[in-house]
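In this document, chain identifiers A, B, C and D correspond to the written order of the chains, with residue numbering beginning at 1 in each.
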Amino acid sequence: MSRQRAMRDTEYNPLVYFIDGLVTLFNGMVVTWRNLWRPKITVRYPYQRRPVPPRYRGLFYLKWNEEKQRLNCVGCTLCAQACPTDVISMVKLGKGTHAGVSEFTMDLGRCMFCNLCVEACPFDAIYMGPNYELASERRDVSLFRIADLAQGGEEAVRKNIETIERLLAEEEKAKPAHAAHAAGGQSE
Amino acid sequence: MNQAIENLLQRFGEAVHEWKLVSPNEVHLTVSASHWREVAQYLRDDPLWQMDYPADLTVWDTGNEFGVYLRLWCSVYNRNVIVLTSIPREEPRIASLATLYPGVDWHEREMYDMYGVIFEGHPNLKRILLPDDWEGFPFRKDYVAEPSGNPLHGPQPVN
Amino acid sequence: MIEAITQFFTQHPLLWAFVKAVVLASFTLVIPLAVIYVERKIAGFIQSRLGPLHVGPQGTFQTAADALKLLLKEDIVPEGADKRFFYLAPYIAFVSTVLCFMVLPFAPGWVALEMNVAVLFIIGVSLFNVVSILMAGWSSNNKYSLLGGLRAVAQLLSYEIPMVLSVLAVVFYTGSLSLTGIIEYQVKHGWNIWHPPIMIAALIYFICALAEINRTPFDLPEAESELVSGFNTEYSGMRFAFFFASEFANNFFITAFAAALFFGGWDGPVLPPIVWTFLKVFVMIFVFMWLRWTPPRLRIDQILRFAWQLLVPVSLANLLFAIALGVR
Amino acid sequence: MVINVGPQHPSTHGVLRLILTLDGEQILACEPVIGYLHRGLEKMMERRPYRHNIPFTDRLDYLAALSNNLAICQCIERLGGVEVPERAQYIRVLLMELQRIASHLVFLGTFGTDLGATTMFLYAFREREMVLDLLEECTGARLTYNWVRVGGVPDDLPEGFGQKVLDFVKLFRQRIEEYDMLLTRNRIFRSRTQGIGVIPKETALAYGCSGPVARASGIPYDIRKVAPYEVYNRVEFDVPVFEDGDVWARYLVRMEELRQSLRIIEQVLRDMPDGPVQTKLPKIFKPPAGIAYSRVESPRGELSFMMVSDGGANPVRVHIRAPSFVNLSVLPRLLEGAKVADLVAILGSIDVVLGEIDR
């Protein structure tokens, strides 16, 4: 731990202070002169944009899985539970191995962009994207629905529901006996 | 340190309910609320303690009683002391330390503001964060946090 | 044609005076546009920014657009303001600046009013500025304005004295109270700035000029971080524009005055005289701006102490020195 | 004359209101009025599971959000007895020091503007942008980082981050020289700050001042040395302590801390081991009943969280000991007899952030 006395000045003397003032002022002007010729750092925002780093946390998106032709989200609500401000709500579609979501809303007015939902997701389904231009003058547009969030938009949502319904139907067909047994078991 | 604790126990006897040496330079003491100020003064003035730095003071509500927490630091020996006590919820009164340690002045005002704990002998005990006409003490566990209970409630925001 | 116009105006001297007044007043209104634009650009460049960029090429029309906006703005008069003084103050500031320009020679013969006591006239008239600031500060009925106004008066009056003394040094040295006379003396004997007593006078004048036009490190009357905006806090719209314009026109004038006193006015080789005047003025304005964006601001007691303890005695001694050398 | 400075005023640095009683330019009395930004964060935290509270702390001291994240995480870690992997500790220290530089640069810039050196503001913010770019690349946000978790940090450093930080350190060393030339050595700046707003050592102790304010008054109170957390006991650095206690000393302490932070950053990058960055924790985290506190040296001073747990999923009480809150309480004493122009210098040198004062 260094213990020192601050650089102190001598007793006030108008002339000494004046000359010192001129010298140090000149030093400062050298600095500003140097900066006058340095490249400018202004980013003219609406015309120019900074590159967004890959980890940037903007509006989040639901990841589209091209291979399986569906969104990765299975509607487990872990993200909604991890959220400190109750931003996320969803409607689950189907159940079991082929579950998905039919609706997924995010209330941007409450979101803190804290990334806790992304960390909570075990299915690699949501990510925070590079979109940061979310300001609006109205409150109702801060509610983002599944089509706004999904990668691929409306199209992806439609395909997602199709795929999941098809898979569910196939599953239904594949194990009718088991399903009937389960249904019977419930009724008894 | 041990000598200091022994002296303290001898001086206050029953008033110190509990003590715990957490680490070589940190002690936790639980004292009775009636000796709150005496203990603090002793800790500050005793040459073996010299707890001259008020680090923190706060109150919490367990639902049954209020706990009071005071953390002191000693600039000479680099020691920490945490002094704890509890006071009844019905009559939350405790001696103020603001004249001993000017640093806890605002902490005490804040705790009065939030919990309604009366610090007796405080030079300027009034609300600090909330407006002067606020009703109730919002950090108490039984505080009703509805907007209608808030004297400042205005029209609800519309789009 | 030109002869006819000349003859017409010689016959009607009042009309000619009117034309000159209008031209000078518009000049006083237009010059701040240029000065402010340059200031913003330089400030931007010094601070690693770009400055105005979007209105016109390289943002040249930005100040004009701002002026237009100010003219169209609602004219707000605070409640409880002393209305007469509040209305009057900006115009007094403006008129005092215009009056100063009246006697300023831009080139041989280019002077609105040839006066053989021009220096005296300028010193007298520029003091109106102090009056207007005090009026504005007092009549706004705002404590920040009042503090700013009082600071301004204390500061301007203190710095007026060494400034006048340093100007007087030039007057005694050259033996003329007329600006044209001073410049002509310099054309013959070389610029005043190279003569020892005037060098010191020029330094003092330079410092006082900074204080007179309220620039860093002497920008106390409008110290933004302390007094919000000082004496003109309550002004908006047109009146604010007039304060602003007169401030920057003053900036121009004080450098032009310095050019005439110390740097030989229009004197210079090759280029026409009028260009030389403007060149000198703009170089000095650039230095002022450069200086403005460098140091922090002083405190009021330090400023006054500096003026009374150092500048006044030194300028007095320097005046004696100049008299001794100047008498021929 | 009674004059209201704030809550909207260019140099109160937020919604702070000071009721000044003036005699000309002399200040006779000053009464700070705070609470305009009160959001009841402590109460909000009582109603949420422990780990949900981390993002809220970003909103306390918004100029040094990472320090707040670290403080609350340390507090929860102590309460639950969680171990932090070594690499995570190094990453934490690295980010804290970058954060300290960013925060001190805001101080430097705003302090310059308060005293009228507007250009300093732009220069300091230019360099701060560089730090923010670095932090953004690592954490994904520029202001509310939320990048410390209970039991570590959420992710490792990105590729090539260390080199970028070293480049910055190299550049920043030169820039500090430039600041010194522009501001520190300036005669006017020195006469504006020296001997102004003196806090004697006894006052600073009794009021519980911490951080640069305490160190400028001769109290060697730096949590990084007094009670080292994370890996601060493994890095070498000096704590600048001055005896004078005036605005000038506070300024010098911060300037010196900028240099020391650069030193720490270099050492941390050199020594950083490989390994995991997070300890696995159960999904519902219930620490045992008890009281725990954590102390962190935030750029403004001792930031301390105190938590009371009853063994449930939510804390019973979260208390935040905000350094600005305590440091601000000295202000009325400092301002007695000062000039109006000194007000901004003194207030600026205490460097308050209203977000953590009002909580």
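Here is the rule we go by: contacts are C-beta pairs under 8 Å (C-beta built on N, C-alpha and C of every residue); 3 or more make two chains touch, one makes a residue touch a chain.
What you see is a predicted model; the values in this text were computed from it and never measured.
Novice: Count the C-beta pairs in contact for A-C and for B-D, then report the pair with the higher count.
Specialist: B-D is joined by more C-beta pairs in contact.
Novice: If you average the C-alpha positions per chain, which one ends up nearest the average over all of them?
Specialist: So the chain nearest the centre of the shown protein is D.
Novice: Compute the distance, rounded to whole Å, between the mean C-alpha positions of chain A and chain C.
Specialist: Result: the chain centres lie 55 Å from each other.
Novice: Find the geometric centre of each of chain B and chain D from their Cα atoms only, then give the gap between the two centres in Å, rounded to an integer.
Specialist: Computed from C-alpha means, the inter-chain centre distance equals 24 Å.
Novice: Find the geometric centre of each of chain A and chain D from their Cα atoms only, then give the gap between the two centres in Å, rounded to an integer.
Specialist: 26
Novice: How many angstrom between the C-alpha centroids of chain D and chain C?
Specialist: 45
Novice: In chain A, what residues contact two or more other chains?
Specialist: 25, 28, 31-32, 35, 41
Novice: Two or more other chains touching the same residue: where does that happen in chain D?
Specialist: 119, 123, 126, 182-183, 186, 188, 191, 220
Novice: Among the residues of chain B, pick out those that touch two or more other chains and give their numbers.
Specialist: If we look for residues of chain B contacting two or more partner chains, we find none.
Novice: Mind listing the chain D positions that touch chain B in their complex?
Specialist: Checking each residue of chain D against chain B gives 34-35, 38, 40, 42-43, 203, 205-209, 219-221, 226-227, 291, 293, 302, 304, 306, 308, 310, 316-317, 319, 321, 325-326, 328-329, 358-359.
Novice: Can you list the residues on chain A that touch chain D in the complex?
Specialist: The touching residues are 1-9, 17, 20-21, 23-25, 27-28, 30-32, 34-35, 41, 53-57, 82-84, 112-116, 119, 128.
Novice: Write out the stretch or stretches of chain C touching chain A in their complex.
Specialist: Residues of chain C touching chain A: 42, 44-50, 53, 290-291, 293-295, 305-306, 309-310.
Novice: How about chain A: which of its residues touch chain C in the complex?
Specialist: On the chain A side, the touching residues are 14-15, 18, 25, 28-29, 31-33, 35-36, 38, 40-42, 44.
Novice: Can you list the residues on chain D that touch chain C in the complex?
Specialist: 1, 3, 9-11, 25, 112-120, 122-123, 126, 182-183, 186, 188-189, 191-192, 339-344
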